[in-house]
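Next up: the structures, one after another.
In what comes next, chain A is part of two complexes: it sits with chain B in the first one and with chain C in the second one.
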Partner chain A sequence: MSIITDQWKKYCVIGGWFLVILLSSGCWDRVEVNDIAFVLGTGIDYYGEKEIELSIEVKLPGTTEAGGMGGGNGDQPTFVQSATGKTVAEAIANLQMRFPRKLFWGHNRVIIFNEKFVRELGVKQELEYFSRSPEARTRDKVFVTQGKAKDLLTAVQHLEDSTAETLRELSGTNIGLDVSIRDVLLGLKNEETEVAVPMIAVSADTEGTAEGKNEIELLGTAVFKGNKMSDWMNMRLTRGLLWFKNEINLATVTIAPEVDDGYISALMIDAKSELIPEIHDGQWKITIKAISEDDIIQNSTELDLTEMDVLQSVERQLEVEIKNRLVEVVDKVQQEIKSDVLGFNEAFRREYPEQWHEHKDDWNQFFTTIEVDYDVKVYVRRLGLSTGKQESEE
Partner chain B sequence: MRFLKRFLQKRQQKKQQRLEKQKNQQQQMLQQMAADIQLSTDINENIKNIQESFHQSSDILFRTFSIGSSQACIVYVSGLTNEDRIYENVLTPLMEATEEAHSLQELIEKKISVSEIKQVQTFHEVINDLAGGFQALLLEGHQSAIIIGLPKWEKRSIEEPTAEQVVRGPREGFTETIDDNISMLRRRIRSPRLTIQMKKSGAITNTAVVVAYINGVANDKLVTEVNSRLDRINIDGVIDSGYIEELIEDNPYSPFPQVLNTERPDVIAAYLLEGHVAVLVDGSPFVMIVPTTIYSLLQSSEDYYERYIIGTIIRWMRYLFVVIALLFPSLYVAILTFHQEMLPTTLILSIADSREMVPFPALIEALLMEMMFEILREAGIRLPKQVGQAVGIVGALIIGEAAVRAGIVSAPMVIVVAVTGISSFAIPRFNAGISIRMLRFPIIILAGSLGLLGIMLGVIAIVVHLCSLRSFGMPYLGPLAPLQLKDIKDVLMRAPRWKMDTRPHLTGGTDRERQASNQQPGPN
Partner chain C sequence: MIEKGRISSLQLAIIMYPTIIATAILIVPAVTATSAGRDMWLSPLWGTVTGFLSIFLAIKLNQYYPDKSIVEYSSDIIGKFFGKLVGLGYLFFLFHISGVIIREYADFVVGLFIAQTPMPVVIAGMIAVAAFAVRAGVEVIARSSELFIPIVIFIIFFILVLLIPEMDFLKIQPLFDGGIWPSIKGSATIQAWYSEFFLITFFLPFLSDKKRAVKWNVICLILIAVSLSFTNLATYLLFGALTEELSYPLISATRYISVADFFENIESVVMALWVAGAYVKITAFYYTFVIGTAQWLKLPNYRPLVFPIGIILVISGLWAAQSFTEVKDSIGKVLPFYLPLFGTAIPFALLIIAALKKKIIAAHQSSEQA
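Moving on to the complex of A and B:
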């Protein structure tokens, strides 16, 4: 056989295989975007005795401005549907029956739990479904709402197109906690810090809002004991809690100096915190070291901050103010909530794994007895151009 | 299978028969030529024979006259001859001569004031030189003829090359006349080391093909290889350098050009200095450079004329453009039909919205738009300039506006296709750009059927092919694969002039050093 026929044979075989691969696989899991219903947010509520009610916020096609043609003009670009089931999977299967398009969870942003639901049933089984599903992301944000999750999804906001988007942006501002499915599932392992999830509600203040629109506000933080929610703390305490989680960012601290009328407000440009555990002679102690660099952003007093001793006294007062906030949080957590959301667990496990192991099982009891020390440092870096009243009077 | 085998065998046999037949014919022709090898002493017989050889063509002129008392005749092709100078330098001095019985040598030495002149004995030579634009002087009683070289023909003047324009750099381009082209090269490289070797190619056209290189800088083996590849060409005619290019390539099935061609003498000169070999073909303004790597296809002469920082940045952008031109539409199709989760939510939502009215799957939509783009491009090139503008307007309006408004295609797809098209135009060599543009179609189909996996398969296939490709023995991906650390300075970046001390290792011959080192400028 000559060379050319061999080559021909080779090409024929290769070409044949190529065709077989292309034709037999031929677009086997191809889904056009026109055949997808994008789920943006998910809400989980109680239904009946043991069943759950799953609500989803779905994007309406043709409603973004880029779409141009139909929709737009103030029409709500999303709609909400819900279905019940014994498990999330069953509820989703029931929901899918009502949709001519495939529900797609790849762009789900938030999962909202009803407060009663998490107090009684917990979050583990529901989140476990989402962590398994190849479509859903463990980056989705988790929230707890006082009312019904479905009501929250149905609420229409002024600024964002959907509740899901509003919530995602809200958790991005770092005013409250920023918690994803992954964080929650990690927290549920008992070596970790207890789970704390931001709590939200439809704002009761409807003054100034347009007809049919409701803003959503952060209420504080839902604190878990194991799988279930046990208590909650308000926004003021939540801000303090952020110090323990080293997530504090762009906070404003206001003090009223004793020597003069008026207030001084400082904006934290850079803030860091650290938990330093110690065990001395069986005495457990933890130090929270909080360092911040501040700008003075408002000064309604007569004090001249350019003078070194004045500035230093202001710094000390700012430190006291921050410390008070931290003490408040520790008192609340150790005496009322009794669930270690502060991260003492993790700090001791890393530093003293053996001693920690002895108290591992009754940690939530034991940690209330740990002594807490505060080491707060504030450095005011920039005073602003107009310092004190003298200049403004000129 | 058996049927196929028998079919192929038959084809093979037929081909062999045909080849043998051709061989026979050629031998017969050679024998015929050998038969009338000598010129006759009878001038009239010679004239008659020449007339017959040219089949009485009307543009062959015979001017008979007398030198003293002996008869003479000058023969030439009228369109290829500088007739003024024939009268001035040949006819007039000969006709005014009174002495008899000159020897031919004496005529050449004393009477004919032309620099290019020779004496030939065979009829065959006379015929070929006449066809090549030379003039033959026949004399009564002599068995040889004088060939005079006073050619002249209409030619295009030197212009700026239209396909490779630069902002900074020389503006002259090669023309169709090989002598002018060689002179442009000589003017740039004024060294005796610049070697010009001429040969004829094409059995009928007898086209001049010139191999140019710098002695010592170009590898000797490379020069031999180029010569041997040129010598084995045996076709009837060479109309453009493209004919030669196709016959000397290493891998004729590859979609990638393995020979670089350019209209710019400065580019040729620069490559010669790096040890490449240039092949010039008469009648074509495109001069070829071998060997070539994929990187030299992505370089522009301006990279070297602008400052090196600009050159480096632009090179990197070009590499990016290649990736965009090759993969952007396929990535779009793959992500839209298989991996919707890969785009940011707001982006996929707005794309989904714009696709809401589109009746086609993304794959069909992409192929449709890419086809439209190629049609517009092709139409734009061939049409006269005035109509070309109209095509541009119609294309922009119909595709950009009407098709989107009518809901036939989505606006993002138009953007994707436009970005891809513009990127492919940013590749400086037209032939490299077009092969990358064509490769994008199979990859779109792969992306539409296998998603990102398909794109990966396609890219792997292309990279494997590129790795195996050679251009005159030099690896096509060199100096990156195989790695030549010293040569990367001119591929991943454009090293400053004062850093380019050595010639590329793959092409440079024995003369490695290019310039004195330590030339970095600075205040003294």
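Moving on to the complex of A and C:
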């Protein structure tokens, strides 16, 4: 008589099914939310030649957004901790010793580098960790700060719960550059545009702030040569640089028309730019074509903008103003910075790969000799709700 | 015949789509980027040559021997001894490749999502699920993939659409910077995947509508090529020259998705896609290995083999590679020759011999009649 009866077979099959369900649902690795600490922002500071200081901003459990808003100064919903190590990985391991919960990098949004660190050591070796880790994301935004990154993380802002969130929102406004880890790592590859990263600092203007709170302000752009930061641009030049990156958005341009001593301000509703490379008889030339559609938002002159010829002359003057800004950027980059953050490299590689190959190795020298042409077009589309002008006071 | 179930050509195509694409879509972009660079989106299209050849060979051979798979008709073509030897070769090939596939699956799941789970558990879980499907026969395999694959295709499409805002379409210019050769070189690895199409030799005898087999398999192949091409294109437009450094470009790309600041962290969706796809792929290879073994041993029923072979496959998966580096190394250096050897070269030789034999017999008969 067989031991394995039909009854037993049935039990075995059912038992097998349960085993499969248990094994294949992945519950072995379950992680409870109250066993992890959410890292929101990371700061990397210079700590001698061989070591780094890593600071992290961690979300305090139990402070949801609603709770944070209700609270006063006392209950900041995040806190900052830092540790040193030879690499990011080692510093994280050292930090972990102080946390009863596992640090979780999936919600990290920003990485802030100290200026001295990127000037002397560069970014690649540390960002590498974040592109390798299965938790972190290459979408995280990268910033450079003049002071200590830790001070920036500890600063408390009025509007957002954390420095990380403030910075993420700030990079989304298109006032400065918007740079992610992916962009930096890609820029470090040969053949690509050099890296440019937004520069920030804790605002020195503390008047009118609540006690213990500081806003963060954009200072401009840190410009890299290869892996290391070599120079920087102020905010005025950064706004010009945005044209070359085609990231300009909702910018305000103000001009002083020759005929009168008031000002006219225009808001760019839609702006596009394009780099058009050309090589004629060995002469390298690049045209930046910038087109914007504007609304007039303020007019303190006596000019009547409802007249076509006046409006057109204002358009021409707006074009000159934008062009001057672009010239300023190109001069600075070609003559002082000498690092191709403008994207000429890629433009020529696309259109003239053969000629480009000849110069790619000494590109940062060569690109300074390229002639730049400007083709700026401004169309004023609307005048706002009131189309009046200033009456003359005579 | 050993298998009582019958499937349609469309169902076969639905099995074959994930069988090729499940592993390809995750690993191929990085491997092709290394050699093809900016032109990597073309490589999956060049690779289809091998795919068409594999389909042609499988179907042509099946026309000579409609009720048999390669394990059986190899004996008819080149004699009992050599035929059995070729059959054994195929069994070993299926055994080894199944191991590699299971390993790829486990490496991905363990490496990215469930780091603490021991690999044998991950592998055994998948093999157990597959074993139930294999035991239930070809119809169940076909129906379960009919259930999963529309979702898989939808998710791939969905992810590619979500990535569009992040793409820089100028990145692929200039086309053919280094000539056309890099993109062809990049197709070397992809054609290895396409040669897996020869697996249909085991399914063709069970088709209820053989006439449409060519049509559906070709459609399936084209769909695969298009899917891979789009994935390659999307990852390059997103990561550019970084693509070759990424282990799983599609995963890194999915992690990059963030729509309106709240629709993000959706890589678990890709994991679901991958598990569903890998399930069909592993089941298909598992099934063919079981069926092939039963045919080789001339058993009346294949079901008793299912669980023992499952246990062997678990071990094969654990032994297939030491590390991720070894998996990638063999994908780049060994598989481009190894897979087409069994997917195209040996079938090609068999087909020539079979065709010659038929001619000689026909000539013989006509001379006898005369």
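Assume the second predicted complex is superposed on the first by the 357 of 394 C-alpha atoms of A that agree within 3 Å, B and C clash if a C-alpha of one lies under 4 Å from a C-alpha of the other, contacts with A are read in each partner's own complex, and residues count from 1 in each chain.
Just so it is clear, contacts are C-beta pairs under 8 Å (C-beta built on N, C-alpha and C of every residue); 3 or more make two chains touch, one makes a residue touch a chain.
Just so you know, these numbers come straight off a predicted model, no measurement behind them.
By the touch criterion defined above, A:29 lies against chain B and chain C together after alignment on the C-alpha atoms of chain A.
In the superposed model, A:91 lies in contact with neither chain B nor chain C. When the two structures are aligned on the shared chain, A:341 is found in touch with neither chain B nor chain C. Once the two complexes are overlaid on the shared chain, A:106 sits against chain B and chain C alike. Applying the stated contact rule after C-alpha superposition, one finds that A:186 touches chain C and leaves chain B untouched. Counting the residues of chain A that each partner touches, chain B and chain C differ, and the larger count belongs to B. Once chain A of one complex is fitted onto chain A of the other, the partner contacts of A:139 are limited to chain C, with no touch recorded for chain B. By the touch criterion defined above, A:311 lies against neither chain B nor chain C after alignment on the C-alpha atoms of chain A.
Contacts of chain A with chain B, set against its contacts with chain C after fitting on chain A, overlap at residues 26, 29, 106, 137. Residue ranges of chain A in contact with chain B, taken from their complex: 1-2, 4-5, 8, 12, 22, 25-27, 29-34, 36, 38, 40, 59, 61-64, 66-70, 104, 106-107, 109, 135, 137.
Every residue of chain C that touches chain A in the complex is listed here, in rising order: 111-118, 121, 124-126, 128-129, 132, 170, 173-174, 177, 238-242, 245-246, 252, 255-256, 258, 265.
Within the complex formed with chain A, the chain B residues making contact are 4-5, 8-9, 12, 336-338, 340-341, 345, 348-358, 361-363, 407, 411, 445-446, 448-451. Within the complex formed with chain C, the residues of chain A that make contact are 16-17, 19-20, 23-24, 26, 28-29, 106, 131, 134, 137-139, 182, 185-186, 189, 191-192, 346, 349-351, 353.
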